[in-house]
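Shared chain: chain A. Partners: chain B in the first complex, chain C in the second.
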Partner chain A sequence: MKILVTVKEVATVEDEFEIEGTEIADQYLGADLNEWDDYAVEEAVQLQEAGIADEVVTVTIGPEDCEQTIRQALAKGADRAIRVWDDALEGVDLLDVEAKTEILRGVVEEEDPDLVLSGVQSGDDSWGATGVSLAEDLGFEWAAVVNHLEHDLEDGIASVRRELEGGVEELTDVELPAVLTIQTGINEPRYASLRGIRQAQRKELDVQSLADVGVDEGVVDSDLELTDMYEPESESDVTVWEGSAEETAGELGDLLRDKGVAP
Partner chain B sequence: MEFGLTEEQQQIREEVRRFAENEIVPVAGEYDEEEKYPHDVVDKAAEMGLTGPYIPMEYGGAGYSILDTSIITEELFSYDPGIALSIVSTSFGCEAIMNFGTEDQKERYLEPIAKGEKISGAAISEPDTGSDVSSVSTRAEKDGDEWVINGNKMWITNGTVGDFFVVLCETNPDAEGRYNGFSQIVVESDRDGFSAEKITGKLGIRASDTAELVFDNVRVPEENLIGTRDAAFMQQMQFFDETRTAVAAQGVGIAKGATRAALEYAQDREQFGQSISEFQAIQHKLAEMATDTEAARNLTYKSAWKVDQGEDITKLASMAKEYASRVAVDVADEAVQIHGGAGYVDDFPVERFYRDAKITQIYEGTSEIQKNVIAREMLGKGF
Partner chain C sequence: MTDVLVVADHRRGDLRDVSYELVTAGRELADETGGDLHVAVISGTVDEFADKLNREGVDAVHTVDYGEEFNHGVYTQATTQLYDELAPQYVLTPNSVNGLDYAPAVANELDLPIVTDTVALETDGETLTATREMYGGKVETTTELEGPAVVTIRGAEWPAAEGTGDAAIEAFDADIDEDALGTTVNGFEEVGGGDVDISEADVLVSVGRGIEEEENLEIIEELADALDATVSASRPIVDNGWLPKNRQVGQSGKVVTPDVYIAIGISGAVQHVAGMKGSDTIVAINTDPNAPIMDIADYAITDDLFDVVPALTEEFH
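Up next, the complex of A and B:
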């Protein structure tokens, strides 16, 4: 079985920052592997260590700068990496979900994986849509916000537990090939070992252009435009009940139900 | 001339930083206060391969160079020197086995260290033997095919947690010349007649284990001898370049960590209606701390790089060790000063850095001994 994991280098922001136009000023930005992707990579590597997967391949859309971040996944055990980049993507402000879907579909068609794992969302753009959109486009089955995956995958079925809103979880089966979007907490991602880092330098990191993955340059045209960037006003609200647990627990329960936190 | 780090080296540094921030920083205060060996953290570090990074791949290590290892040491020490030493010291003494051990010894001793299953130590100092290493009096006598060892070793890092020690013993008291007649012998801690007593009350690096070892008719098989009989001194001397460079890297790390903490505090703390980082007196302190640290780092990296090139660098390694340890002490001092009263209590890490820094001027040859070495080399005198 082959697993394809979509990974992304995301922008990280310091606690205090300034906004310039529609961007956060450069000096407040760092870069890291998307947190959710770290869990997706770990899940794939564990499946490989359990002898269920034969090959784990990562794919990213990003410039050369992000290779160091992408190698993190190789150091943790992925076998090889694909990086899609193109002059046409240079300087594009907003690569929307539609464009990512099309590019990733090109890679999936080429690689023909049995299972695609993506993060639920990326820590910077937070669309939370790429994995599911990709599945729809491919006609694959999918499960979103997966926080447990049975490590047998027998008879081409993935048994998953997914997180719904309001603290509710769903157990469901999806038929392979499938896309699962992975939630944080599904496992405990490892640190890259020193041996792993060393070996990762020699693993294949294949760079492909849009043409290589069979996608037209027009893919970058978007109906979406980023018009503004601002910090939302944050509101906080506190309710304090006086009294013993017996007296107040019910009131807390009502409030949580009221706010939609509990069913 | 090439001053940059490779992508791989940057990646190592990043991953070590991640490890230190998540696994070391949250528990550093507790281990320091309780003077307790951080078994849990060391186990996690072993999983990542931080125990014995320089051990070759074929024995389960990562085969990293001395420069790579210095980068790891610097990064770990910049978060907490006590726990950092506990991690990097798990392979103390193993450089002798790596360089002079037989194939069998390498397999037997290096592999479990690289895998984190065992901890080693280097036992040189004695109650009456510190700077003058040639006065070692722990005695090893041959009896049939065994060595019988008697004596005491003092200040031994990992003394009560170690599984084996590379012990410097006198094997031929009649040998001519003060530096002849010593041998390095591996003593496992489960041998009859071996005992270790933890030394408590240390000023700094309190998470690291230090102990006095007692050898009372300890018998080990003759194959525990490392390298050549009676020639341990010449063997030992060859690692000074490595081990002194390693302590220099510790100093750079401490200076880096103290500077980081002081910079952050200076920007947060306000007096006279402004951030104290607006005062030029504070700015100059920060500038000097950063500059001194960078100078120490360059000296250390050069020393490490030269060791990796296989060059003999007695003088340079001593310079790096002496200078970086001095910078560590000075920078930690200034970092406390920038914190004012807040730096005098254990709410902030600088108080710990201040206490931890001092050891780098003492172990692996005191600052005075380093200067003796540097001057001796300059004057062209032998040792």
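Up next, the complex of A and C:
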């Protein structure tokens, strides 16, 4: 069985930042592997270690800058990586769900996996829709927000648990091939070992253009336009206690005594 | 005219609150141009649900009597068929776990753009302006799009629709292709039980990712002991296995309403806030003065938790 894992480098923001146009100014941004994707990679690697998957391939849509981040997945055990990038994608403000779906479909059709794992959402723009959209587009089955996957996958069925709201889980059988969107907590993502990091440098990271994956440049033309970004107006009337830790802790202590909840 | 179709959410016999919020959001959009508001309710006891959904401003409720519980294949097929029949400008679904399990499929099947997790919507009939958050609530954005679209709305952002409407309640004869249903729901399980019920506590000392290491939880336990309070947590602490599931506050954990909720090193992501915003008094201890938790906190200490927490414990010794 072959597993394809979609991964993305996400932007992280410092506590204090400035907005320029519809973006956060570069100097306040960091980069990391998307938290949800880290769990998806771990799940795939565990399936490989259990002898269920023969190959784990990661795919990302992103510029050369993200290769360091993408190699983290290789260091944790993925076999090889695909990175789709193109001049046409350079400087695009908002790569919408439709565009991501179309590009990833090109890769899935080429790779022909039995199972695609994606994260529930990406931590930066949180659309939470690409995995299911991709499945529908491919004619695959799917399940969103999966927090348990049985590691047998026999008879072409994936038995999963979907994490619903309020501490309820749904027990569902999903026919393969399928896309599962993976929720945090499904496993314990490993840290890459030094050996893994060294090996990752030698693993194949194949760069493909839009033409290579059979997608027209017009894919970037979106119906959606990002028109504004701003810091939300605070509706809060929070009382901020100032001073040393002893002083502020004293204020909080007084509050708790006033409320009659402290011993 | 902008007609709107909203799809209700229900689980195990009950309509979920967001269904009534969808009615409000849908009515607002339809009102801009005098369009009609259609509500779809799929699976379960649809007639009973339809009566409940017939609130002020609803023009028609379409019932699809097929199966008991949510199945994304049934929802996708029924919703796309309703779209073909009614030709609404906007299809609104909840941004719930189930909403995210079919709305993207509906959009893709209908070749429509999708905007998810919106917190405000406006339209002039042609252009939709959607407000959504990015970076865990640190910024808000507006996105514009022309023409029809599928939109998911965040829970608790719109008030629930009230009153009684005079909607036509119509059975919609959806043609469900059973061979195309590739998932089977076998049941449900409640998780997060056990010895402690954090929703019973008067004071919660709640810890988040700011604590950094499992060993550091000790200072949180010491504080809870000193205050005779209960320890709860945000999701990453539970995901890491540092505390059991029954300690998790939030959308997928417990809803709590203590007298005092002390959020320590918790940013205040929407899924966390969903579980604790009803607390009487909220205190945030966080180094980031812009953290979203500040928006709902009554009191805050914008300082290092590793200084403040031991000092507070000391206060009560």
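One rule holds in what follows: the second predicted complex is superposed on the first by the 232 of 263 C-alpha atoms of A that agree within 3 Å, B and C clash if a C-alpha of one lies under 4 Å from a C-alpha of the other, contacts with A are read in each partner's own complex, and residues count from 1 in each chain.
Simple rule for what comes next: contacts are C-beta pairs under 8 Å (C-beta built on N, C-alpha and C of every residue); 3 or more make two chains touch, one makes a residue touch a chain.
What you are looking at is a predicted structure, and each value in this text was computed from that prediction instead of being measured.
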Partner chain in contact with A:Glu231 - chain B first, chain C second, else both or neither: second
A:Leu95 touches, of chain B and chain C: first, second, both or neither? neither
Which of chain B and chain C A:Thr22 touches, first, second, both or neither: second
Touching partner for A:Gly166 - first (chain B), second (chain C), both, neither: second
Contacts of A:Val132 with chain B and chain C, given as first, second, both or neither: second
Most chain A residues touched (candidates chain B, chain C): C
In the complex with chain A, residue positions of chain C that touch it: 11, 72, 76, 95-98, 100-105, 107-109, 113-117, 129, 132-147, 149, 182-192, 202-203, 226-229, 235-236, 238-241, 245, 251-255, 259-260, 262, 281, 283-284, 287-292, 294-304, 307-308, 311-312, 314-316
Touching residues on chain B, where the partner in the complex is chain A: 7-8, 10-12, 15, 18-19, 47-50, 53, 57, 61-64, 72
Chain A - residues contacting chain C, complex: 11-13, 15-17, 19, 22, 24, 94, 96-98, 101, 120, 123-133, 135-137, 141-145, 161-175, 178, 184-185, 188, 222-232, 234-236, 238-241, 245-246, 248-253, 255-256, 259, 261-263
Residue ranges of chain A in contact with chain B within the complex: 67-68, 71-72, 75, 190-198, 200-201
